[in-house]
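Structures follow.
What follows is chain A paired twice: with chain B in the first complex and chain C in the second.
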Partner chain A sequence: MLFAKRQLPLIICFVVGVVTALQDFVPTNFSQKVSIWLSDWYIIAAMFASLLGFGSVALVHSGRIRRQMKGWGYSVLVFVGVVAMFAVGVISGGKEVSDSGSPTPLTWMYVYAMVPLQATMFSLLGFYVASAAFRSFRAKSLESTLLLAAALIVLIGNVPFSNYLWSAKMGLTEWQGIKIGMPDIVGWVMSTPNVAARRGVAFGVALGAIATALKIIFGIERAYLGGGD
Partner chain B sequence: MRIAAVPLTVLLATAALGQEAAPPVPEAPKKFAVVDFPFDGGGALAATWEKMPYDDRVSYVILSAPAKEGPWTACLTVKGTEGWKSEAGLPPGGWGGEKDVHYAKITKLADAGMAPVVEDGRETWFRIRATLDDKVLESEPVAATSSKNPPLAAVAEVKFEDFTSDNGSAVAATWRAGPDDEKTTYYVLVAASENGPWAVAESTPGGENFMPDAGLPFWLWGRDKDVHFLKITKSPLGPLQPNEDPATHTRAPTPDWWFRLVAESGGSRWESAPVKLRPEWNVFDWAKLNKFFYMIGFAAVCLVVIRIARGRHLFIRRIPGLDAVDEAVGRATEMGKPIYYLTGRNSMTDVSTVAATLILGEIAKKVATYDTQIKVPHTDAIVMAVCQEITREAYITAGRPDAFREDSNFFVTDDQFGYTAAVDGMMVREKPAACFYMGYYYAEALLLAETGASTGAIQVAGTDADHQLPFFVTACDYTLIGEELYAAGAYLSREPVLVGTLRAQDVGKAVILAGLLILTVVATIAQWVSASETDPKKAWSWQEVWIFDLVRGN
Partner chain C sequence: MRELFEKLLKMDRRWIFLLVGIALMVPILKPLKLPGLKASTPVQDLYTYIEGLPEGSKVLISFDFDPASKPELEPMGAAIVRHCMRKKLKVVAMTLWVTGASLAQRVVESEATAAGAKYGEDYVYLGWKPGNVAVITGMREDIHVVFPKDSKQTDLSKIPMMQDIRRLRDFDLAFSFAAGSPGLDTWIAYGADKEKVKMGGGSTAVNVPSMAVFVQSGQLVGFIGALRGAAEYELLMNFSGTATRGMDGIALGSYLVAALIILANIGYWLTRKPKGVA
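Here is the complex of A and B:
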């Protein structure tokens, strides 16, 4: 039993980890098939896990309804939504377009219920960006002042009118052979200091990810099994 | 009788309406042209003209004359059902393969046994006469002159080789550019047998597609700018490597293919001898040799440092975001409010999600010790299953298995904004004491973090999604940037073995930094040398410096 819970997952993890890492260096069709085969296995496992997910949702919300917790009516709505969508899917035969070419009720529900709901959440982002920017762009220290200056350059630089004022009215296009038009300045900020910082982060992330993967493949890190050492 | 006639009339009227109008007969055969016969030794001309309506009832006669005014003599007769341009058997180049264009080769100037032949350098006039039933249609006269097309100089160093480090689906064709390279067009012909039929697999104008364009690293491939390169993956018959039969999932053996190179310039042509080749699959991708060395090297460094770290104390710099974990858990205990822990939007296949689950284990231990409540809403069912086990084990390790709640990890939805709306709603209603955002996030990052900030919770984020980092930095109290996410598990547990991997990462970063410095110097020198070169063929840019291949992984 202990073998099935501890050693077997470690052995599977080691073998699959090494095979997957080496697979990248073997260009044969068999190697590519192995990769597809492993991906298929993950998809199969994910399908079973989705049942687990639905079970979790049902358990949480049925408990709320049973205990008549505050807001239990919303939990009823969860089940109503699940049953309604399932029923519409069955009625539509799982198709997006009917044989006559018209959208099925399933498509209608998706286009006129799901998409507007998603769009509503996504559109909130614009307001949240504004409020976050308002709090961030305060020149409290040298770093925050630099951030403010860079943000202002990029923000203003992307407005065509600023380019008109900068280049056409003020005549600022070139200085000692260096292009200093507004798009050039914005381009420099985005492609030089910005990319330099992002690459620094990317190096660290790559090494961290490899180190974490190695820890798991070699069984040094076992917490994901549900236990420490 | 009248009743029967009605539907018949309707049928005939419908048929008459549905029938397309008959095309008009043109006044003359269209696009009649006579040109020098390409790629020959002279003494021949090629006539072409467009197919006419009712072509199967047409008879064409080509007339020739020494001058525009005549006298005209019939020199060739062609039936409307024969003589197509696609059947001319001419090689590629300026010659098209249209199936609706007539073609005739003219070698004699009259349709008789002892007729005068086409002479090189002498202008002759031609016109075509088409006879359709009782109508005779004639084109305008055109002039043409035959000439000798001298053979093109042989192309040197023509090679067909199996393309390196692939799955046996490609062949590499290379040859040295000739003196008139810019005026030459090259074709790689492929056939299933030595006797053809040959068809064009790839082509390139001269002055393009050289060896450096192959994108292969220096240890596998030359960088001669005077040697052309083409990668051949298909023939007109299909891919060089047969596709798998979807019914049987078997692949037919790769057949032998025949290749030859054809060079054309003006009306002249040269072709190489046919070469038999079968593309083979390679066991190892030698183009990734540098990556392989990196992988082995970094793994070795990790394992060595871990061995050294056993039983030793290694210094780790302070990470304020992780030091704040105790503060956040303590605050939750004092306030009697829950802690929200999010593992990101990706599945367990993503290393940042794995890192997030490892940190959850450490935080759950503290939560269990302080006897407070943790809530982990999930968007991936597999991650939820893993996190449930990790949380359970953390409570057992902390000596509080009785305090573990099965519903502390729960699935919400795998829809991005559905999940965000649900978690935002829970945060607003429950006003958690602390929120942790670990793992990979997309557009929902700011929606979650701003909502959390509005509830007054202590917020700690950790992500390797560099696009979302600014949002977390803005909205959260502490942010683990990039690699700190991967270091968090080791930092919180303080286990020497795990801390050892952090030191290995530092070694890796030092190597990369040193490499960057060296390459910057090399690039600067290369740029400087290149600027002093006037011949673009000889000039070399920093992209071609071999040492950069090591980093780029080409």
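Here is the complex of A and C:
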């Protein structure tokens, strides 16, 4: 049993990891077939992961309902939503348009429930961002002052009307041979300090991901196997 | 003055919500038509690139977003599809986001109908396929294997337009309108760069700083940043769509947030206690 729980997953992980990494550098017909084959496996594994994800969500929310924790009514709504959408999907045969050409209940649920609900949730961000910026965006240090200045430049500079006032009305387009139009200033912030920082972060993340991948492939990192026997 | 700012800093956040609501609602009810909209370089580059494509060129458009980002990304998607149809390019549309499948279909169908394009000859909608990166890598090898059928359940082999489109490299230009991952960066890393396919795209405002890296490096032929980018593209296309109409709200909202930040900082400096004072 220990072999199935410990050694076998490590062997599978090592073989798949090495083959996946190598096939990308070997452009032959065989390696391309291996790539497609592995992609299919990835999709199958991802589907099982989705089921696992739903199982986990169901477990959490059923626990909340059972214990009647604060806000347990929302957990009931989670199940109502899942069951309703699933039922409507089955009734509609997974189709958006019926054979007669009319929209199915699935389309109705998508257009009139899911689209406005998701759009509303995302729109609320705008209100919370404004409130959070007012409460916590302070020039307390040199770094936060620089961040604040950059944010204000991009925020105001990205509005076309600002450029109209700045360039057309105030005539601020060039100073001693340097372009100082609003798009030029915003462009500089975005393409110089922003890009430099982003690249630094991207390199760091990539190197970290490579290091973690190597540790998993070679069995140094085994947390994914879970604890205990 | 100090007392006033102290009160202001302790303001109930619902007042801020109300102000934001008013700033966004007023231009919807009464458009201000603020001047100053001009195409930025990345948007102009994208437009010029599409203009330079010969008739019949093949274009892949991936609508990688869900209803949450619809107001920001749908207008740019619609503008690009409209441009492609106007230029008589062959459009293959798809999505990597399951909840975006219907949105993408609606955009493509509505623009195609308006342009009088014929399904299967001028455009095809492949729909959604699970797998994210695996879908892109699979499309590098054989699109017909990844998508054996289109969204209407027709075999790809029976669709005239798809006869000479088998691999990602068969496209003259690929797009991704992305709200996150998988999205534009995924397409660049796993698809376009590997197959030397020209790539363009657009993203939501929060992702614009991340995408600036790819614009600067030249990995994107052009880029549409958020609703403003979409409005710029509509301007180039000579029509006024939802993006153009939304610009007034963006302007007032941005000015309001900027004013709140400046006021809060003035208040902070006026009301802060000197060091050492409890």
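Simple rule for what comes next: the second predicted complex is superposed on the first by the 184 of 229 C-alpha atoms of A that agree within 3 Å, B and C clash if a C-alpha of one lies under 4 Å from a C-alpha of the other, contacts with A are read in each partner's own complex, and residues count from 1 in each chain.
One rule holds for everything that comes next: a contact is a pair of C-beta atoms (placed from the backbone, for glycine too) under 8 Å apart; a residue touches a chain by one contact, two chains touch by 3 or more.
The model shown is predicted, which means the values in this text are computed figures rather than measured ones.
> With the two structures laid over each other on chain A, which partner does A:214 touch: chain B (first), chain C (second), both, or neither?
In the superposition, A:214 touches chain B alone.
> Based on the superposed arrangement, let me know which partner A:149 touches: chain B (first), chain C (second), both, or neither?
Neither chain B nor chain C is touched by A:149.
> Output check: A:69 vs chain B and chain C. Expected answer is one of first, second, both, neither. What do you get?
neither
> For A:122 in the superposed arrangement: first (chain B), second (chain C), both or neither?
Both partners.
> Contact-wise, after the overlay, does A:138 reach chain B, chain C, both or neither (first, second, both, neither)?
second
> Check the residue A:91 against both partner chains and state whether it touches chain B (first), chain C (second), both, or neither.
Neither: A:91 stays clear of chain B and chain C.
> For A:225, using the defined touch cut-off, is the partner it touches chain B, chain C, both, or neither? Pick first, second, both or neither.
After superposition on chain A, A:225 lies in contact with chain B alone.
> Taking the superposition as given, does A:161 touch the first partner, chain B, the second, chain C, both, or neither?
In the superposition, A:161 contacts chain C only.
> Going by the contact rule set out at the top, does A:80 touch chain B (first), chain C (second), both, or neither?
neither
> Starting from the residues of chain A touching chain B, keep only those that also touch chain C in the other complex, and list them.
32, 42, 46, 114, 117-118, 121-122, 129, 131, 133, 135, 198, 202
> Sort out for me which residues of chain A touch chain B in the complex.
21, 24-29, 32, 42, 45-46, 49-54, 56-57, 59-60, 63, 71, 114, 117-118, 121-122, 124-125, 128-129, 131-133, 135-136, 198, 201-205, 207-216, 218, 220-221, 223-229
> List the residues on chain C that touch chain A in their complex, please.
By the definition above, chain C touches chain A via 13, 16-17, 19-21, 24, 34-38, 40-41, 66-71, 99, 102-103, 105, 130-135, 137-138, 141-142, 145, 208-210, 212-213, 215-216, 228, 231, 247, 250-251, 253-258, 260-265, 268-269.
> Please give the residue numbers of chain A that touch chain C in the complex, ascending.
Listed in rising order, the residues of chain A that touch chain C are 32, 35-36, 38-40, 42-43, 46-47, 96, 107, 110-111, 114-119, 121-123, 126-127, 129-131, 133-135, 137-140, 148, 151-152, 155-156, 158-165, 168, 183, 187, 190-191, 194-195, 198-199, 202.
> Of all residues in chain B, which touch chain A in the complex?
Its residues touching chain A are 165-168, 251, 281-285, 288, 291-292, 295, 298-299, 302-303, 306, 347, 349, 351-352, 354-355, 357-358, 361, 378, 380-382, 384-386, 389-390, 392-393, 397, 407, 409-418, 420-421, 429, 443, 446-447, 450, 464, 466, 469, 471, 473-475, 481-483, 485-487, 489, 495, 497-498, 501-502, 504-505, 508-509, 512.
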